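Dumping the structure here so I can ask a few things about it.
Residue numbering begins at 1 within each chain, and the chains themselves are lettered A, B, C and D in the order written.
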Amino acid sequence: MAETAIIVGTGPGISASVARACAREGMQVVIAARNAAKLAPLAGEIGATAEECDTSQPAAVARLFQAVDQRHGAPDFVLFNASYGYRGPFLERDPAEVRKALEIGAFGGFLVAQEAIRRMQPRRSGSLFFTGATASVKGFPNSAAFAMQKFALRGLAQSLAREYSPQGVHVAHFVIDGGVATGRDGSGDPPDRWLDPDAIAATYLATHRQHRSAWTWEIELRPWVEKF
Amino acid sequence: MAETAIIVGTGPGISASVARACAREGMQVVIAARNAAKLAPLAGEIGATAEECDTSQPAAVARLFQAVDQRHGAPDFVLFNASYGYRGPFLERDPAEVRKALEIGAFGGFLVAQEAIRRMQPRRSGSLFFTGATASVKGFPNSAAFAMQKFALRGLAQSLAREYSPQGVHVAHFVIDGGVATGRDGSGDPPDRWLDPDAIAATYLATHRQHRSAWTWEIELRPWVEKF
Amino acid sequence: MAETAIIVGTGPGISASVARACAREGMQVVIAARNAAKLAPLAGEIGATAEECDTSQPAAVARLFQAVDQRHGAPDFVLFNASYGYRGPFLERDPAEVRKALEIGAFGGFLVAQEAIRRMQPRRSGSLFFTGATASVKGFPNSAAFAMQKFALRGLAQSLAREYSPQGVHVAHFVIDGGVATGRDGSGDPPDRWLDPDAIAATYLATHRQHRSAWTWEIELRPWVEKF
Amino acid sequence: MAETAIIVGTGPGISASVARACAREGMQVVIAARNAAKLAPLAGEIGATAEECDTSQPAAVARLFQAVDQRHGAPDFVLFNASYGYRGPFLERDPAEVRKALEIGAFGGFLVAQEAIRRMQPRRSGSLFFTGATASVKGFPNSAAFAMQKFALRGLAQSLAREYSPQGVHVAHFVIDGGVATGRDGSGDPPDRWLDPDAIAATYLATHRQHRSAWTWEIELRPWVEKF
């Protein structure tokens, strides 16, 4: 039977490439984002289902998973890829926006994880992956709100890996350390200077295929010319 | 002129010891917590001012700092010591409580930091310290909500250290790796098996006194017999 | 043209599995160890060349690479997998053995890396991989000599990743966090409780195939039931 | 009775400042370096004993500690501060020098630690401190040999902290993240742009004085304006 993949927080970069890679492997693919209208072209291209989902809302996340339950059954692969960019000088940050960043990028990860694990744990199988960033492990200046949500998401992923790996759920966190190529001109840059989202997706899928005797919890990906 | 210290999230352990240590060094001390009534005995003992403050509320945090402005002037030492313990099996966690944990322990840190730095940065001096825990750097099973808030707080502290240390504000994060002795029986345990909060306070004060050519951003404290 | 792989420090576990995986992908495989006699069966099985090499000796390492130059040309894949286990209470450790551990497991990594990069850097391609362990990132009691060599090897790998990734050489470090199944009985253990070396090899090869826009520097592998 | 301090790897920077700070606190101070002649002025200034010691030689390290045994008794404070700088493009590094770097900076740390702990463990007290650098936690390009020795020393220190803290020996590792002011002109730089070695020494001594219920294993020190 075909596997089911849910990709939450779909944009034109990593999520779209992962969705395409899942579809190529024969999975039933569900893509979800705050604005479902933007998902229509990709859904049509790869035969996926598009769902609207504000990850900061418990009811919305519950509805997403229930819709998948009815249409496809329990998911085998869930990727949380949502985040809320909000950068700038710390003293000028609007607290309401900082709260929103925590709700979308951290609390949203909690909600998606809870629905995913609720379905994976009883079956003792499934992959729950989180997309991190450089800011997951390094707090930069002018970037406190982003660091807060990405550090929190990493703490969530690590706690879940310790709690649910021994129950058969593969939890992994990907540190994307560099800019993604999508939508960049790139002319004038060294070749392959930006992360090719298809290359990122290849590592996500290879990690999903790992044998459970040799699972990865954390893996970093960066362009060959990136300073770190 | 006497320095002013604000300690946010005061309980009977670390905060009380830091408050006492600050008072002994001649600082004007302000202690703040969600329930100000509980602060009265300590305030009386050391001649501190007690303020009520729910760290998750922007207006409450703003009021706290304004009250200090009027009474004592800009703070020289601010400690964020609030957190919201919420542990247990992940699948049974109530999302509303997880959101509350993020609001008190992470968003609250943001709010306190913003008010503190707003007053310290123009004067190019002051210490802004955050109390972390083992869970700041390691996500344990049954502890996702706590890991999320503590990882987020560490991301905040690191981002602020990079942004404001070069502007004269000493930002530091303390990883308290072990249980605090306050309120424990301890008989039957090896001597000094739990962190003495006065010993923790001694390191906080020593860090506040560090010369700016050799500042610490992060320091861990654990009992001699603690496994790590 | 076929790729050439050199695997240094070959034992019956990880190295043998990586050698088999390389052979299956059509690479010309060279396996090297302190005692070449032990390599004969594997060499015969997969059509590899076996070489004797004490990694702590500059001349021996140079000879190994020169032999490969003449037979196969510059290597495309080099794995340093040598280490010297030497554990026990610190006060009873023999300094001569500790020195040997550093020479085999750390200095040996330097020597192999220098020969490998000397051949890869001019061609702007190739993978230089290092096998690490839990002890690469965590110093355990009764394990100082092992931690020293593995920490040192990780420092080497990280330095080389920063120096040579932008020159086209993929340097990666694998943290093997658990026991390898080879030679264990395993009956009575949970299924897949020990790392299957073929599963480890699969991730090594997938990492070798990564697109340079999304390279991994460090990746950890552990059994699903391993505590960490 | 006066405490005894041994400072190994004495130069004009950190070691001299720590030696002075120990002398000011009334300790009996022994300073040791490869070239004892250079130590004479400092020894005279603070009333310390100067010893010659090549940290890479087991017999030399043993002699140093035996000399202290006879003159002062078991040490209460031992600082390993030796390292061997050897930087430059990796492919041009001389293997003999790399081996020397490992012997002085890593193996030397092992030897000094063994002699120190042999004397501290039976008394269940004493501080054994290691001076690290940025390179202890980050491997820079053109710096493989330095990273190897400093990573190895950190692995040693961490292993010893886990093995001997519960036996009463305080093992700590200091990450000096920046340049030390000693011997620099500094005019034209921002004030306090380089680490004042007396400020470093103040934190070493404060750490030595920590109560065992709240010991630090690792602490980083950097100038306020340092990027990290």
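Heads up, the rule we're going with is that a contact is a pair of C-beta atoms (placed from the backbone, for glycine too) under 8 Å apart; a residue touches a chain by one contact, two chains touch by 3 or more.
Small disclaimer: the values here were computed from a predicted structure and weren't measured.
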item	value
Listed pair (C-D, B-D or A-C) duplicating the A-B contact set, over half by residue number	C-D
Where subunit A and subunit C are represented by their mean Cα positions, the distance between them in whole Å	31
Centre distance in Å when subunit B and subunit C are each reduced to the mean of their C-alpha atoms	44
Touching two or more other chains - residues of subunit A	162
Topology of the chain contact graph, where touching chains are joined (line, ring, star, complete, other)	ring
Every chain pair in contact, whichever chains are involved	A-B, A-C, B-D, C-D
Subunit A residues within the subunit C interface of the complex	162, 165-166, 168, 170, 181, 192-196, 198-200, 202-203, 206, 210-228
Footprint of subunit C on subunit D - complex, ascending	58, 89-91, 93, 95, 98-99, 102-103, 106-107, 110-111, 113-114, 117-118, 121, 135, 138-145, 147-164
